[in-house]
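Chain IDs A, B, C, D and E follow the sequence of writing; residue 1 opens each chain.
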Amino acid sequence: MFLAKVIGNVVATQKNPKFQGMKLLLIQPYVNKERTLVQSGGSVVAVDSVGAGLGECVLFTQGSSARLTPTTRDAPVDAVIVGIVDAVEVEGVMVEKP
Amino acid sequence: MFLAKVIGNVVATQKNPKFQGMKLLLIQPYVNKERTLVQSGGSVVAVDSVGAGLGECVLFTQGSSARLTPTTRDAPVDAVIVGIVDAVEVEGVMVEKP
Amino acid sequence: MFLAKVIGNVVATQKNPKFQGMKLLLIQPYVNKERTLVQSGGSVVAVDSVGAGLGECVLFTQGSSARLTPTTRDAPVDAVIVGIVDAVEVEGVMVEKP
Amino acid sequence: MFLAKVIGNVVATQKNPKFQGMKLLLIQPYVNKERTLVQSGGSVVAVDSVGAGLGECVLFTQGSSARLTPTTRDAPVDAVIVGIVDAVEVEGVMVEKP
Amino acid sequence: MFLAKVIGNVVATQKNPKFQGMKLLLIQPYVNKERTLVQSGGSVVAVDSVGAGLGECVLFTQGSSARLTPTTRDAPVDAVIVGIVDAVEVEGVMVEKP
């Protein structure tokens, strides 16, 4: 899994029927830079399965495992948010809410 | 999933029989750059399952999940377009039709 | 899927028995550069399932989907050529046989 | 699999129920640089299945295979620590505990 | 699949039981550079299923397909060596034993 920040959301009307009712969030993975987590330049669209909101730090899963939540089962989904991160500790030190 | 722009299409006569009748689109993923989505240098060939057209912003799925649409079931396909994007909002601001 | 050019071939005598009789081609993926497809620096070894030859532009599939051709079924294969590309059109213009 | 150093841990209260009781470690993959393993800039969150601790060098597995440990079975997990590394030998020379 | 050079080996005593008896090799993928294969800076740990040795050029498979050898079946393994490479031909010219 990777850590990411929720930076936005995506609206699509014309889509695969399995996506009906799914919340599509735009997230930006964090990369580690000298014991600090900084936002990378990438951006992933992940289905929300835990009630995440804008600005929150989340944990997301990719690949076939992304279909193993009640929200995403059997859907053509390859990224899902599986947790809202409360704290990250790097080398014994609490990282500022990344 | 990732966002991408449909930039072209691919024609292949000699191919795996499961590809018969599939529309193969050339798409270019978007990357995030200071709250703007810009086209990356990469290019992916994805099967269209939602009626996407040239210039449109789409959502695409990769890996084994790409086989979970009616169009791609059991085919040797690893990328499929699953939605046509109407709007992307980054940090509360609507992004120009990317 | 990605587009690639067939640049060579690989010979391996000592190998997993499922590879017996498979043609292993060395291919180089294309990346998009200002509406032109140029060869990237990477190189992948893919099983040929469509009769591709040296210098041809091909379409290849990766991951678990690479096992879904008659040639590769149940084999420990993660890349397979699924089509020979006749034409690629980018933004309405036919790309030189890439 | 890849080698990585355990550099921290992640706490998430609101999460997929399958994550209950799992230990989430922040790990940093190693890359090879002239026969020495050095920490890369990336960071992955992996489930611990072998009792790994801070500072240790570990072996981790990604993708669908990450669900094949007793700890992670059927969970939406895409990275798991499967071994604690005692020694790495590069070209016949023991690498300093990386 | 990718080509790689076997550059070392990894010892782990505390590990998932499915890894008992497996030989873990450290391999370095090759990348193509003007018709020559050169070692990349990456390093992967792959299970050996064909009797590969230090310095040899091998073919390895990643992802779920890595579990499809007798050695790795049902194990949490995501990379396996499936062949020992005898020869690589690039654009009609035999590449020096890479």
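Note that in this section a residue touches a chain if its C-beta (ideal position, glycine included) is under 8 Å from a C-beta of that chain, and two chains touch if they have at least 3 such contacts.
Just so it is clear, the model here is predicted, and its values are computed rather than measured.
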Neighbouring chains common to subunit D and subunit E, by label: none
Separation of subunit A from subunit C, taking each centre as the mean of its C-alpha atoms, in whole Å: 32
Cα-centroid distance, subunit A relative to subunit B, in whole angstrom: 20
In subunit B, residues with contacts to at least two other chains: 63-64, 66-67
Running round the ring (origin subunit D, first step to subunit E), the chains in order: D, E, C, B, A
Residues of subunit D that touch subunit A when the two form their complex: 7-16, 18-19, 24, 26, 28, 41-46, 54, 63-64, 66-67, 74-79
In the complex, subunit B residues that touch subunit A: 1-3, 30-33, 35, 37, 49-51, 59, 61-69, 80, 82-92, 95
